[in-house]
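In the two assemblies presented below, chain A is common to both, partnered first by chain B and then by chain C.
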Partner chain A sequence: MRGTMRRLKILTWVVGTSFLLILPWLIPTRMHVAVIALYYAILASSWALLAGYGGQFSFAHMAFAGLGAYTAGLIDKFIRLTTAPTYACTEFPLGSWWLVIQDTASPTCLEKAKATMPMGALIVKLPAWMDILMGVVVGGLFGLLIGALVLRLRRTYLALFTIAFAEILRTAINAERDITGGPGGLKLSPLFPNGVTLLGHEFTAADKLPPYLVMLGLFLLVMALMYWLAGSRFGLFIRAIREDEEAAGSLGVDVVRYKILLFTITAMIAAAAGGMYAHYVRVIAPNMMVIKEMSVVIAMAVIGGMESLLGAAIGAIIIEFALEQLRSNITIGAFTLNMADWRLVVFGALLMITLRFWGNGLIHPIIQRITRRGVAEETVAKRLQPRAATEPEDDTRVKIPASPLEPDP
Partner chain B sequence: MIQLEVNDVSKQFGGLLAVNHVSFQVQGPELIGLIGPNGAGKTTLTNLLSGALKPSSGTIYMNGQRIDVLPPYKIAKVGLGRTFQVTRAFRRMTVLENLLVPALAMHPTARQAQFVKKAREVAEFLTIDHLLNEYARALSGGQQKLLELGRLLMLDPDFIILDEPFAGVHPRLMEIIYEYIIETNKQGKAFLIISHDMETIFTLSQRLLVMAFGKLIADGPPEEVKRDPAVIEAYLGSDSDKPWQPERKTPPAAGDRIAA
Partner chain C sequence: MEFPTIFWYTVLWLIVWGAVGALVTPRVYARKDKFTYQTGMLGAFVGAALGPIGLILLWRLTPAVSAKWLGASGIVVLLWLALAFAKAAPNNLCVTNGSFIATQIANGLVIGAIYGLMALGLTLIFSILGIVSFAHGEFYMLGGMVTYYATQIWFPNLNPLLGVLIAALFTFALGAIFELLFLRPMITGQIERPGEYAILVTFGLAFFLQYTTLSLVGASPKKVPRFFDYPRWKLPAETGGLLKVTPGNLTFFDAISIPSARFTALIIALVLLFVLLYFLYRTWTGKALRAVSQDRQAAAVTGINPKRMNTLAFALGGMLAGISGAALVQVFSWVPWVGIPASSRSFVIIVLGGMGSLPGAFIGGLILGVVEALGAGCVPDPHRAAAYLPAYGMIILVLVLLLKPTGLFGREL
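After this line comes the complex of A and B, so read on.
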């Protein structure tokens, strides 16, 4: 049974990954939707780890994605590496390089410095992956902070706290026009500013396939990491905490540590997705953190199945494609429905119906049916085995294992 | 040897003194019953011992270590385990996963697979081995109580607090719980058992603690406690001059069998 399940899991991974790899050739005109679908799949599945596995119903997930995106954007805008000191900007030596900050007090310092810098001195932006990595670090730090602050908050209070955090962050970014660009947004360079060559094909910075493959790589990496976590003691403990914090603590689980870890890890994943998204779309604005966006991610996870990482990811991908498909207007007789507006109504109705009739989502029960196939029959078969065969009437039933906590050799 | 020292512990909730300057000691693998009318402070006292609540005053030591300042998970690691008045199985986790949680929490570097065999043995002892892959929510109330006991076996504490282990349990399961207590006690574990099933608690306990209005009003062998005027007053009122007899609710089949 376990061997079959293992083979089934491997098969699912191989088929799923293969499908996503050939997707660009199946829908070459829909690559933008595919990239965005993967972005939402990362957010929905990591939120499922936080809320579905860990029971931490947070509304701050998009705020962490925004932190990742804005960290990447701000580094892209303000930070440069040079091979010589500028003597005009704020700068720090980094080996044979200089880390230069063009802060708001001296926005043109680098332009002025070019005149005095030695011939051949290089001025370069940090590579996109480094911006994204810094975003992950910042996201993780905020996740740690929020995780520590909400330790004693549960359910409604946790939700309200995280809504407040997300709104404060969005409003602050909106207000700080000099640094973040305010509501007008922040421009970023593309993931591959000079294009890239893949298997002999040259792709420009505007081509969709390279960013799709990078986002797919991040998605697969994140899914592998989350599945590994969910199957480890970490996964077992966060589920125990979700079920009953007090009981988990009384059984030796360090509730504080695992809750903070869960917030930190999921915040880092959301920040990575946000950073990648920022370099893909190349303009980010505070509205990427609005509650509506958070609601979309939650709805994707709920419709797919909050207690399943795969269910949430599949839910996100299907819903993103469906929402794009629903943009086309529908004409019924003399009436024309503007589906660009009405599609969210359809989406909301689907969410309500799912919550009412399929509390575990639409995908998760299917996965459960496959993974738990035979469990009920096995239980019944074991129960029907005559216990008397191994357990005589008198007091010779199996004794308590002498040292249950000593691991098997 | 197990040593528990409860020194002048009180717990106040607003104007209510739920536990009022309680002191007692446990030396070795004693089987102790804790009884008292509803609202006497029994569950609050167990919450103080397990770290779910912090005392307003007083100290608690276990095996020489002060535990009233520790978080619950550290108290579990010192060697104190408990069950709850209302069963608190991890309902959306399988029976096997429920059993693995304490074992893995106690052994941070051990691998999960190392404890699966132990979990099977524990489940077999508690007659829930056929349910190992079922979610805990599929278990009956009595089976969930057995699962809680199983988790304690995997935790392997020196001092075990059972809060109403016999409440609402089928006589056959009650027998298994009874046997669990006797067998585990023989292995050197101390027990503090809260129960309203007076017949069973009097049969089972070597020592009885009686609480009323937050105070510890009696501490001694069951036969002595039964005649204690303070206990008679707490249970029957001040007008009674009869010695108190616990009401016989369920036949203690297992107790009789084991005693024989």
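After this line comes the complex of A and C, so read on.
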């Protein structure tokens, strides 16, 4: 019985992964949408872990993605590594390298320093993975601070606070034009500035396949991490907290600490997705953090199924493709519907209706039906077996079940 | 213009000693076996106001916490801030020009009254239904939009007050319909997790309303001319030293100037506030509403139908936001996402005033209005000052959550 389930799970993973791997050859012209869909899938499923498993409703998930993206972008814009000191910018020795910061007070210091630097001195940007990592750290720090401030209160406070925080962060980035470029956006270098060679094929920096594979790798990594978390003691604790905070606390779960931990982890995942996205699209604007984006992510998670990480991810991928399909205007007689706006109305209505009538989402029940096929019958059949075969008849003592919070031996 | 560092050092000094006070004071009170309730807040205030000397005195004397001590030390903190600001930016209008500050504060109070009215709607919903409506800003936006269409497009030359009335009816009906369709199932047990559902479904409503409005009316800003032009008038008749009225402006005492559009909005807000208070405290339905907010079961026993009260509260709350929007549509230009900052503002206000407290919401609105007006007027770089308008509320929110999460008038959590 457990063996079948296990095999089914492995099968799902293998089939899903190989499908996503061959997707580029199925839809070579829509690779951009595929990358963006994976980006949303990471965000929606990590939001589902936070809200569906943990019951903590944050509206700042896109803000964390934006923090990751802007941290990566600002490092890309302002920080360089050189092999020789510049004596003009703010700089710190770092082994045999120097970490150079060109701040807004001296934007051209590096240009000036080039004349005085020895021949052959290198000036390079940090590699993309390093600024994405820094973005993750910054996202995690903000998650920790906000969590420590708000998560000891009732759950509405988190929603209230994060919605305000997201708005402020966006206005701040809009206002600080000198640093962030404001609404005009911030340019980044591509994920692979010098191109990359895969299986003997040369890809340039503009090709979509390498970023797709990297995004896919991040997606699979995040999914594996989240499934591992959800299946561990940690997952048990956060589900207990969602069901009943007081009860979980009285059974010895450090409620606030686990809530903060969960919030920080999902913030870091969002920041990682944001950093990757920034290096892929190469121009980021504060618009990536508007409430609309957050609403779309929530709609994806809810329609996919908030209580299932896989459901939320599939929901995100389907909805992103659907949103792209629905872009073209519809003309009925003399009346033209501007679908760029109306499609969002459709998803808003779908979000509300799904919440009202299918609390588990639309995709999660289908997954359940497939993966749990036959489980009910099997359980019933097991119950119907004569008990004498398994238990001695004279044992009439009441069995106290092991505490649900203890790990299996 | 670079803002001098003396101000930031002062702020840092206040924060450091405030934090020391907040963290250590409860322990000192506990060791002396005294009541520790709210001593963290007192410690923070005294630490920020008087630094180490004040803290040592506080720990020696350990007086009982009272509003007197809190208020006095709070005022000293504000004085320090003002002093540091004056020292740092001696040429700022806020320092050199008293009438400018008075005008800013007066305008802040006027706008704050309307914020308060809007937050009153949100707090009414919270006290009866126990949920926070994340679509509150969208009711505000729709109130303004409907007023614009009623008075400018559908019926030109309509009396603006009738436009406000139409907006009120529209938002009331919308609130009632939404409550019946989506929130009623929560109390009849058709929804598995009502608390989580309420957050998401109202958020979904906000998204839906925003994009429906955008699709229907477009993104271009709408502007409504001021509702009423006031007749020219002076008091005393020759000099106008007390009050000078022109069609677009009112000047009190030759110093405080309030645009007449804002003044009209204030009058609407005050009238509505008194009508609301009369309704809540003098009519049967209003008393029934307050009874439900105090104890659902007991109210039901006395013959009040709590389900109908839920619908009424949500519709009324939406209507209050709608009227606030209708009153302000003549002051600001109107776009479909004008509700987003407005709803964050209401959230700040209800947390500041205390969740579910009606007077708290109104007073919180006034406080936020003044803080925003001073922030917008006094921050040296005018471009930034306007851009950071929502951030001033955020600072208040963080301070309240740190020091007194129950808010000014909140019930204990």
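Note that in this section the second predicted complex is superposed on the first by the 363 of 409 C-alpha atoms of A that agree within 3 Å, B and C clash if a C-alpha of one lies under 4 Å from a C-alpha of the other, contacts with A are read in each partner's own complex, and residues count from 1 in each chain.
Rule of thumb we're sticking to: a contact is a pair of C-beta atoms (placed from the backbone, for glycine too) under 8 Å apart; a residue touches a chain by one contact, two chains touch by 3 or more.
What you see is a predicted model; the values in this text were computed from it and never measured.
**Q** Should A:233 be classified as contacting the first partner (chain B), the second (chain C), both, or neither?
**A** In the superposed model, A:233 contacts chain B only, not chain C.
**Q** According to the stated criteria, A:187 is in contact with first (chain B), second (chain C), both, or neither; which is it?
**A** neither
**Q** Is A:342 touching the first partner chain B, the second partner chain C, both, or neither of them?
**A** Touch status of A:342: second partner only.
**Q** If we overlay the two complexes on their shared chain A, which of chain B and chain C does A:9 touch? Say first, second, both or neither.
**A** neither
**Q** Which holds for A:114: it touches chain B only (first), chain C only (second), both, or neither?
**A** So A:114 meets neither chain B nor chain C here.
**Q** Tell me which partner A:250 touches in the superposition: chain B (first), chain C (second), both or neither.
**A** In the superposed model, A:250 contacts chain B only, not chain C.
**Q** Is A:356 touching anything from chain B or chain C once the two structures are fitted on A? First, second, both or neither.
**A** second
**Q** When the two structures are overlaid on chain A, which partner does A:378 contact: first (chain B), second (chain C), both, or neither?
**A** After superposing on A, A:378 lies in contact with chain B but is clear of chain C.
**Q** In the complex formed with chain C, which residues of chain A make contact?
**A** 51, 55, 57, 59, 149-150, 153-157, 159-161, 163-165, 167-168, 171-172, 174-175, 291-292, 295, 298-299, 302, 338, 341-342, 344-345, 348-349, 351-352, 355-356, 359
**Q** For the complex, give me every residue of chain A touching chain B.
**A** 232-233, 236-237, 239-240, 242-244, 246-256, 307, 372, 375-376, 378-379, 382-383, 385, 387, 395, 397-405, 407-408
**Q** Quick one: which bits of chain C touch chain A in the complex? Just the residue numbers, please.
**A** 131-132, 134, 181-182, 185, 191-193, 195-197, 199-201, 203-208, 210-212, 214-215, 337, 340-341, 343-344, 347-348, 351, 355, 383-384, 387-388, 390-391, 393-394, 397-398, 401-402, 405, 413
**Q** Write out the stretch or stretches of chain B touching chain A in their complex.
**A** Within the complex, chain B touches chain A at residues 50-52, 71-73, 75-77, 81-82, 84, 88, 90-93, 97, 100-107, 110-112, 114-115, 117-118, 121-122, 124-125, 127, 129-131, 133-134, 151, 153-156, 179-180, 183-184, 187, 257-258.
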